[in-house]
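Right, one structure below, let's go through it.
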Amino acid sequence: MKKPYPDAVSALDGVLFDGMTIMAGGFGLCGIPENLITALRGSGTQNITAISNNAGVDDFGLGLLLQTRQIKKMISSYVGENKEFERQYLAQELELEFNPQGTMAERIRAGGAGIPGFYTKTGVGTLIAEGKEHKDFDGDTYVLETGLVADVSLVKAWKGDREGNLIYRKTARNFNPMMATAGKFTVAEVEELVEVGELDPDQIHTPGIFVQRIIQSKDLEKRIEQRTIRTRGE
Amino acid sequence: MAWTREDMARRAALELQDGFYVNLGIGIPTLVANFIPDGISVTLQSENGMLGMGPFPYEEDIDPDLINAGKQTITELDSTSYFSSADSFGMIRGGHIALSILGAMQVAENGDLANWMIPGKMVKGMGGAMDLVAGVKKVVIIMDHNARDGSAKFLKECTLPLTGVRVVDMIISDVGVFTIDDEGATLVELAPDVTVEEVQERTEANFKVAL
Amino acid sequence: MKKPYPDAVSALDGVLFDGMTIMAGGFGLCGIPENLITALRGSGTQNITAISNNAGVDDFGLGLLLQTRQIKKMISSYVGENKEFERQYLAQELELEFNPQGTMAERIRAGGAGIPGFYTKTGVGTLIAEGKEHKDFDGDTYVLETGLVADVSLVKAWKGDREGNLIYRKTARNFNPMMATAGKFTVAEVEELVEVGELDPDQIHTPGIFVQRIIQSKDLEKRIEQRTIRTRGE
Amino acid sequence: MAWTREDMARRAALELQDGFYVNLGIGIPTLVANFIPDGISVTLQSENGMLGMGPFPYEEDIDPDLINAGKQTITELDSTSYFSSADSFGMIRGGHIALSILGAMQVAENGDLANWMIPGKMVKGMGGAMDLVAGVKKVVIIMDHNARDGSAKFLKECTLPLTGVRVVDMIISDVGVFTIDDEGATLVELAPDVTVEEVQERTEANFKVAL
């Protein structure tokens, strides 16, 4: 049971198939599995349902899979940054399911934790709740949302060890920990792949049980969408 | 003289109380952070997974792993903690955030809010807005009182798809401040040189006046 | 908004009332809020509903509140270690609600996260599911469980700072993080109360937003229930 | 010659596969850790919030913050991680644990399990047993084949309150090994010198024989 793989292409070997559901971690372009997305593009896998908070930008992140028309459907909370997405969606070439961001995060956590459904107040009385079951608790109305799982989850962490234990860094954590739990098969890429014992057991964010394969990222771009600075004196 | 965006942000900052945990939306609400009153300590939550958001970085401190919910580069503070999106929205949905300040396309007199989609136009998504208005204890809206074409944005009923039902507690617009509760809407403050009559003309919603 | 208090008695001042619901962290006697339990006993608060995985032992942990008959009802998953508990329960002096341990943990997490109900497979077909709503998802049957909240949660961490950020140590973490989120008012005791900035932001287990008051523990006993050792040569 | 407790634990250990994440119950199941076959790496989960459980400590290494689900002092390994009870049972309920080995009071031929309460006696609670049998992929029971009074424990139907319905995949008792699937129970191994007839006499459940 060796989890470390030499690169993204080998780490995805044998686990991809047309029509599959993929989860990809990240918020915007922060904390996305760059190497694994590139390898998924290279695989030519078709008709993917992609669960990811955002859809990348035209030439980066999941935008790379939109360019090649590998994605059939997106489940996201916000896709405003991507022009190619807009074009494909308006031309009805792409299916889209919007989820409130917190509902989406919780659905993924639920999927990983064996919870098939939960109630939330988010979206009650809006389009999002139409056609879904409602239920009252203590006089308030809530809507039933279901757990989400993926055939393969692609996650990005900062450090990881050879058993698959992961530690994330700052806001690059975002959706990655839940997606690691909700993949039937989870592949992680990390900036530093270390020996077992180098990570503090109290600080591990994702225990290795959730990670089937792990690689060390190469040539990360870590692109910034909104470079916002202050100047001295402000 | 109607309020400027800065005036609105400054007025919204008066809703902050010492020790509050607050979530600020994208746009004008972000400006509120510049007007936190002296002597008051407020902690800013960013729903992508951070409590204790600092100011924008100096050029040399930019870190691609550290952004806010608007995808802008930011900095951390001594008190900062990071967490997952699930934990972040657990915090929001669970009612642990005292105040959220957001923008709006339309608000109805019963507190309904529409701020995420215009049918027929490309929809970018609701992001965390539906979760915030459903979960945060107090929701304050900052918005221009009227749309660019002059039409009313504070309405009897929203015509756009809703973000939340009966969720808005306060509106701060360029003409003044309204509170909304189970009894309906009330105009409680006017911007300088703005009259009640002018506000009534520019508003479709019914509201009481208690200045 | 100063969160640090000088001791457990002052940290509970003004937040206790007869008939209240308390959550107390810990698994067995590991990671229990010793100082706060002692102060709660000293307060004389009556008719408490106590939510805690275990009930302590006769003279330690929540057992201290059973001795003084301050607890009216326990919500727990396992109470086997406590003789006084058994006596009061068999004499019908004490109400008891058993929850499967995972269901209990999830109910507390749900309470803190604004989830009023969720479905689980745990307990379907057993006494635990009797009288509860059932629902099928993808051909399997699940039972509806509800979120739990407390008037006051008492938690124990290893390190904490003056903003209430907490870090737990080893298996003393257990129920403490969820209980911190599910208390309308949460009081934490920590072994080391440090200045803001001393804790790594990526390693904080409980963000300060969940903690209203914090004290540094004094004279912790940290009693061990099953001292199990191996000898050299084994 | 019926199997001893060690024999049963040794046999149960043959169900382990390289890379498995496993949860061992209190009592005889704990012994299984002593018989993990050479060349196989298995990670033990403890449901109070630990993955990668090490052996009992030497006297000087006892740490009150480090116990297993049986409240025994233990040690950590290089690969250990700690997490909350909610995360631990998310792992269990979510099907991430390959194998759980537990004790039993009664097992029925359809896989029903009773191992937590005897009506009329003081009930200590189910702890994590209901969650484990509901969530773990494969559930193996180690038990004495008969109760102390000689009565059968492997039954047509359990008479005690259930821990889970149709959850047991394998029974290892002092007389041999049974598998249970949708088709029913099958005796697949016998302890040395135990006969099928003897097993049938000591068992109430119906079972096929496929030795």
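The letters A, B, C and D name the chains in turn, as written, and every chain counts its residues from 1.
Criterion: a contact is a pair of C-beta atoms (placed from the backbone, for glycine too) under 8 Å apart; a residue touches a chain by one contact, two chains touch by 3 or more.
Because the structure is a prediction, the values reported are computed rather than measured.
The chains touching chain B as well as chain C are A. If you take chain A and chain B together, the chains in touch with both are C. The interface with the greater count of contacting C-beta pairs, when A-D is set against C-D, is C-D.
If you average the Cα atoms of chain A and of chain D, the two centres end up 35 Å apart. With centres taken as mean Cα positions, chain D sits 28 Å from chain C.
Between chain A and chain C, the centres computed from C-alpha atoms are 33 Å apart.
One finds 54 Å separating the Cα centroids of chain B and chain D. Residues of chain A in contact with at least two other chains: 106, 109, 113-115, 120-121, 168-170, 173, 201-202. Looking at chain D, one finds that residues 76, 82-83, 89-90, 92-93, 135 touch two or more other chains. Listed by label, the pairs of touching chains are A-B, A-C, A-D, B-C, C-D. Chain contact summary for the complex, chain A toward chain B: residues 27-31, 53, 76-81, 86, 89-90, 98, 100-103, 105-106, 108-109, 120-128, 158, 168-178, 205, 222-232. Those residues of chain D that touch chain A in the shared complex are 18-19, 21, 41, 43, 45, 51-52, 76, 78-83, 89-97, 135. Looking at the complex, you find that chain D touches chain C at residues 46-50, 55-59, 62-68, 70-74, 76, 82-86, 88-90, 92-93, 112, 122-131, 134-135, 161-165.
Here chain C touches chain B in the complex through residues 1, 109, 111-115, 161, 163, 165, 181, 196-197, 201-202, 204, 207-210, going by the rule given at the top. Considering their complex, residues 106, 110, 113-121, 135, 137-138, 140, 142, 146, 167-170, 173, 200-203 of chain C touch chain A.
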